[in-house]
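There are two complexes below, and they share chain A, which is joined by chain B in the first and by chain C in the second.
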Partner chain A sequence: MYGFEAMTFNIHGGYLEAIVRGHRSGLLTAADYNNLCQCETLDDIKMHLTATEYGPYLQNEPSPLHTTTIVEKCTLKLVDEYKHMLCQATEPLSTFLEYITYGHMIDNVVLIVTGTLHERDVQELLEKCHPLGMFDSIATLAVAQNMRELYRLVLVDTPLAPYFSECITSEDLDDMNIEIMRNTLYKAYLEDFYRFCQKLGGATAEIMSDLLAFEADRRAVNITINSIGTELTRDDRRKLYSSFGLLYPYGHEELAVCEDIDQVRGVMEKYPPYQPIFSKLSYGESQMLDKAFYEEEVKRLCLSFEQQFHYGVFFAYMRLKEQEIRNLMWISECVAQNQKSRVHDSVVFIF
Partner chain B sequence: MADGERLPAMDFMRSEPMQLARIIIPMESAHRAISYLGELGLFQFNDLNKEKSPFQRTYATQIKRCGEMARKLRFFRDQMHKAGVTSSNLAYGSVITLDELEAKLGELEAELIEMNANSEKLEHAYNELLEYRLVLKKMGEVFNSAQKKATAQQREQEHRRGEGSIDSPLLLEQEMETDSSKQVKLGYVSGLVPRDKAIAFERILFRATRGNVFLKQDSIEEPVIDPVSGQKVEKNVFIVFHSGERAKSKVLKICDAFGANRYPFTDDVGKQHQMISEVTGKLSELKTTIDVGQHHWSSVVQSISHQFEQWKNMVKKEKSIYHTLNMLSFDVTKKCLVAEGWCPVFATNQIQKTLVQASTDSNSQIGAIFEILHYKESPPTYFCTNKFTSSFQEIVNAYGVAKYQEANPGVYTIVTFPFLFAVMFGDWGHGICLFLATLILILREKTYSSQKLGDIMEMAFGGRYVIIMMSIFSIYTGVIYNEFFSVPFELFGPSAYACRDPSCRDATTIGLIKVRNTYPFGVDPIWHGTRSELPFLNSLKMKMSILLGVAQMNLGIILSYFNAKFFRNDIDIWYQFVPQMIFLNSLFGYLSLLIIVKWCTGSQADLYHVMIYMFLSPMEDLDDNQLFVGQKYLQLLLLFLALVAVPWMLIPKPFLLKKQHEERHQGEAYVPLGGLDDNLGPELTDGSHGRHEEFEFSEILVHQLIHTIEFVLGSVSNTASYLRLWALSLAHSELSNVFFEKVLMLAWGYNSVVILIIGIIVFIFATVGVLLVMETLSAFLHALRLHWVEFQNKFYGGNGYKFYPFSFALIGDDEE
Partner chain C sequence: MLGLFIFIENMISFELFYMEHINLIQKTEFGPLEYLMDEENEGANTQPSTMEAEDKTLVFVDSLDDYLIIIQTLSSTLRQGWLELASARHSMGASRINTALLSLKHHSAATTVELDYYENAGSTTKSPQFSLCKWTSTDDENSSLKKENMEEDEQLKENPSSRDSENQESSLESSKGSETTASPHKTENHKERSKVLSVFGTLVSPKLRASQLSFETALETLVEIANVRSSILETHDTLVKDMKNTKE
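Then we have the complex of A and B:
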């Protein structure tokens, strides 16, 4: 369904689309990464980054630098940009932008709950949370003892509440349950986001459904691989798959019964878009799968910038920026730990 | 080239002759040499290490050190800002080396950081105590009032019981008794919570304990400084009563989660008072400690501020020196650095002297070597400007930087730009206003140039000399137009015309007779307000615009001749300049001639008719429109010349270029080396194509076709474009007339002081806002266009690049 969105899109969305495209052109390029990979110390990385868009965020850092500082400052830039866009956004873009952060919210909730389960300090956990997924009462999560309490105390006030209501059990929280909870929440979130994008219609729906379908499929594969050899039953596993995407529904049936990684591969190779990802891997290998998926994702995200007048660019930009920060983290870790030979293992070039 | 002078005699017509030079500097004197060159500011270094990334270069560590020092200085600046100290410019401190500076900065930073940490700790304690005192006070009040209420209630109950009222429940007594026997001791937690979180706090408390708490809150009027963040926050005092250990741990966790600071509290009134006095005592102690620390801190910051500017400049200079050093390459022996770059020819001696100075100052055994190289690429363009000419040069540069050594339109712009502006802005009243306003800027130049101005002010200040020239010229044209806020004055004696009889007052020229000699200068004031004023002024201004336009375009074409001559490009002279000259002047030069003849003879010939029928039917007789004898034959000749000029422009040049190229190519094939050196230099910079480029004949032909069409059509449309001079000048005088007549005169007519004052105010605002600001801007833009398009397209290439010497004076304003 194509409305005449090109005629009216710019009334509300034009300014922010321009902003986000401007931000996109500030992303690091392959040349930047090549230079970064040659760095000998973290100070070199800082020196190089101060010549990029990250300059103002890093230039006032005193010299013995840590990887965490670099990542923190880079994330801060992303957050600042996000907040600026959110402030300027009108409906429905503002809701769309908020949807982007729900994933981080889920991760943060899970992080805190797991942390308190292992009796870690709450302040320490809060520092590890992604700043995009923060909400007011997040620290209170530590009070909760079981899922019902978690929901009733804290999450009922957050946008995650509707997702949560589907997965409440009164079981006590343990690692397994938390992981199931995370995936259930994610499933609900992705489905909700998908519905929301469909409601928006036009190019947004088209592009976002592609991106979200990829996300859902990737999660399905990851869930399958991670649950191989655990006590998760097939039915439970199937329940965690999102109800859309390229694999839905027949692929899910097949994935649910997979027993090892090669079976997963057999299932996935039936789907042409995923064939090249798996054909790159040798049999029995799952280490490089993450990187292959990331590369594919980055490719898709970059393509979304080719079309105008849709909200997918915001999603794509946030994702690309997160990938960039992951890259920077990896590079700085490698440099800091003198593992420069491994620097290319996990860096995904964006351009 | 003048020996030993700082600058040569200003040769503004063409950019300075440049040369490509190589300097070989021994390692030990390199730093000093570069720094001296930076002071001199006449050498542009080329980057010889383009393929190396920034941290692979030789002096990357030094740059990192400088960056680190700059960071420390920024930290100091923040501290100074916090202390409200501004950096003083008096640089009295002795000269220190970079290493000393680094050590000193490090020391100071450590000291400041430690002090900040200490004072932060103290402040933290202080703020905590402040909060504690607040809790004690507020909760004390709450407890007291609650106790009073409770006792009052109790008394009432006892009273009631004593009465033995029927209303009193019978079980009450029993209940009370049992209550006291198994009374549960309620625990409580008290503290402060930020007000914006108070509601969520209460809600979570309620949910977590299933309502089994009692929360009492009280707002504090003034914002409190939060001990953790150090920011002023509005807060509520709270006390939570709970029962049981599990509830307590929950309440404590929630308090932590909400950033609520907890403080112990007792319900014993005596203890409360004791605690309050204790806290107050501690507070005053802490206060004095903090004050002393603060004093020490501000004295340190103060001492930093004295030398801050000096340090900042030094770090900036060092950083730029190392950046420059990074652009140099090592020679084979690794003992010398090799620099390559551009410098003006006149600076050769100065640079050499500087280099000698540098090597003697650094006790180097080997001096630096300065040698001049041959160059292939076009050198940068460098004009020596002063504060007056620079803004005019900027007007030209905004269009495009001149090609190396091509004729500089900036010279002519100094006069023609303000003059064309003034033609559109002719009113000597407005001119004087503008002049006075700009004069303030110029007189207070020193103070303004050192401080930051707003965007618009900055623009006006930057162009102050342009504006003052514009205003002087507009006073001049205003006198010619005889308009002072649209009112004419009899400045140069009385009008030449007078009424024959009193009945001719009805504003026509019919009844006038000439009684004296013609009005000596400018427009006769009697025209003002007559019915034929507009037709007269229109005719005058229109013709004047055409004269000015044709004159300026001719100047442009003549400049193209000088360009061609300078670059020894005969083809351009004979096949571009000559036919262009003929074409323009046979049509519009002729028109200008007719205008002048008409003015001088007072003929009534219709010039439109003459010009149009010159094309439509050139053989026809001119009848009444004949201005001079033989006009018809002259016209036939001119028309013929114009028609011949077009193919003359179009056809020969591409063929000649092709021939030239073939000849050169042949020569090259036989003597590749000998031919190379001979025609370096100007030969390279002349053509529309480089030596090594492929010669594409069709491309050249199309190019020439476009040029020819552009010129032929352009000479018509550009002449028409100059009519904007007339249009804007008309608009300006009409607008000012309207404001004067319909606002000021109308208000005057009411004979009321109030209306007059209002009228004057409206008049002033309209004059300043519309005429002085908006009209100035629009006339400025139109004058700009006339220069960029109509004037410069006749000769100006504008595809050069600017000379950016390495100079400390220029790096000052790149940051912030």
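Then we have the complex of A and C:
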């Protein structure tokens, strides 16, 4: 039941909602993507993007361009927009905005730990970290030998500290433990974000519940598919699924025992929201599943803008922007590799 | 992967040098192939040797054609591999697939190339023969394992959808445990593949596994190219020698 947000939301959130809706109208359209897909070189892409809101970030980049440069500069724009919104936000919106970046923080922690395990230079690893997930003591992650040290030396003072309770062990860090740590942290983060949104109530709780439930379900499917043929046991796999979402708990029980993509399909087709996604795929195929999930996610994110006076628009905008950057990355790779016929394999139009 | 790229670059530059060399031989030493037809007109005494030379020339040209086809196959396999890698990076994210995660720890190569020399029939020279030893990081050089690898790879090439089902097969093997019909070598190969891929994490996208298979196929094609080139050079040398003898 909504709580008369229309009367009080604009006092603290009106300005930023207007800002984020303005940013939303700056997202690339299908016409922009069609122009970009016809580019012959990365310099052509740069020329087209200079005419968009990415202009100031790309115009001074020297040729020859690299695909990672385009992605880096587009990400920089997202970071600037986010930081502007964060510094203008008051509670509880500021906490909500911080929650959006915890996923990137987890990715950065795992990147540093994995790279250190592989004897890589910390500076090199820091350059590869996502800017939205940076925190002050991130460089000291390199000194930790196990998860207990990781927590005690570095992460206890970060927002990820509460998520570590489930995965603190004294076992040395190796590839499997790191993977389990990544997924356990992400599971704890999603559940915590879900509880926070439920506490906010109103339209925010309703819209964010739907979006986060979809995220949890998609994670469950990806974990299942990626763990097929690996040493991850069924019990370990089950432990990585979040405890909310449409698939919780019966779908998770069925997914935990799946041993091929067709069994996963059989489980997911029982759920009406996911049946159209899997009906597009042919039997035994998993290549187009990512694109199908992204398309569904974009549809739900765009719908969140149809309602006012809730925080879901901020989450939706950040995710739509990340999708746009993924699209640009894919188009750039296809152009750089002279594979323009494959460009529509992974581009998801937003409008 | 960088080593693979450098190897390919060297092979392609050598190929260009070699093709120029062939053109030069045709233009300066032997002239066009009509020279061989002129040989036919000289009389019955020279006919068998001319036919033999024609046969060898045909073999040589066929080998060149095969060689060019294999080069094209390599190019398309590499293109596919790079695109699959980009697709995996798109799916998993740039923080999970990047060069900063490659291990700098000292470790043995997962795959090695062996070079043997064998003597040709009717010739005093020895020709090199390259062979690939895949997934030998455990120092197991059992030749039956190599044969299993090659058979498995041929099956994978014939059936692209079995790239997904390969993982499923191995998972069935490991979960059932007592399956005796599945080859233990296939499971070993799968473990070695997963071990190599674990630099990017244990739970990786099927797209990354597909790109790994593409690059594996490209490596096999490279070895095949090296062997075909060795046989072309050998045929060419024989041809040149025969031509010189005929001239004398």
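Please note the rule applied: the second predicted complex is superposed on the first by the 351 of 351 C-alpha atoms of A that agree within 3 Å, B and C clash if a C-alpha of one lies under 4 Å from a C-alpha of the other, contacts with A are read in each partner's own complex, and residues count from 1 in each chain.
One rule holds for everything that comes next: a contact is a pair of C-beta atoms (placed from the backbone, for glycine too) under 8 Å apart; a residue touches a chain by one contact, two chains touch by 3 or more.
Everything numeric here is computed off the predicted structure, so don't read it as measured data.
**Q** Looking at A:Val122, would you say it contacts chain B, chain C, both, or neither? Reply first, second, both or neither.
**A** Once the two structures are laid over each other on A, A:Val122 reaches chain B alone.
**Q** Let me test your reading of the model: by the given contact rule, A:Leu232 touches which partner, first (chain B), second (chain C), both or neither?
**A** second
**Q** Under the stated touch criterion, which partner chain does A:Gln59 make contact with: chain B (first), chain C (second), both, or neither?
**A** first
**Q** By the touch definition at the top of the document, which applies to A:Met329: first (chain B), second (chain C), both, or neither?
**A** Touch partner of A:Met329: chain C, not chain B.
**Q** Is A:Leu153 touching anything from chain B or chain C once the two structures are fitted on A? First, second, both or neither.
**A** A:Leu153 contacts chain B only, not chain C.
**Q** Check whether A:Asp32 is in contact with chain B, with chain C, with both or with neither, and answer first, second, both or neither.
**A** Neither: A:Asp32 stays clear of chain B and chain C.
**Q** Tell me which touches more residues of chain A here: chain C or chain B.
**A** C
**Q** Is A:Asp43 touching anything from chain B or chain C once the two structures are fitted on A? First, second, both or neither.
**A** After superposing on A, A:Asp43 lies in contact with chain B but is clear of chain C.
**Q** Common interface residues of chain A with chain B and chain C?
**A** On chain A, no residue contacts both chain B in one structure and chain C in the other.
**Q** Quick check: in the complex, which residue numbers of chain C touch chain A?
**A** Result: residues 79, 82-83, 86-87, 89-91, 93-96, 98, 100-105, 161, 164-172, 174-175, 190, 194, 198-199, 201-207, 210 of chain C touch chain A.
**Q** Quick one: which bits of chain A touch chain C in the complex? Just the residue numbers, please.
**A** 68, 71, 107-108, 110-111, 114-115, 118-120, 124-125, 127-130, 175-176, 178-179, 182-183, 222-223, 225-232, 259-261, 284-287, 290, 326, 329-330, 333-334, 337-339, 342, 345-346
**Q** Across the complex, what residues on chain A touch chain B?
**A** Chain A reaches chain B through residues 35, 38-40, 43-44, 47-48, 50-51, 59-63, 122, 136-140, 142-143, 152-154, 157.
**Q** Chain A touches which residues of chain B in the complex?
**A** Those residues of chain B that touch chain A are 53-56, 60, 63-64, 67-68, 71, 74-75, 197, 200, 204, 207-208, 250, 253-254, 256-258.
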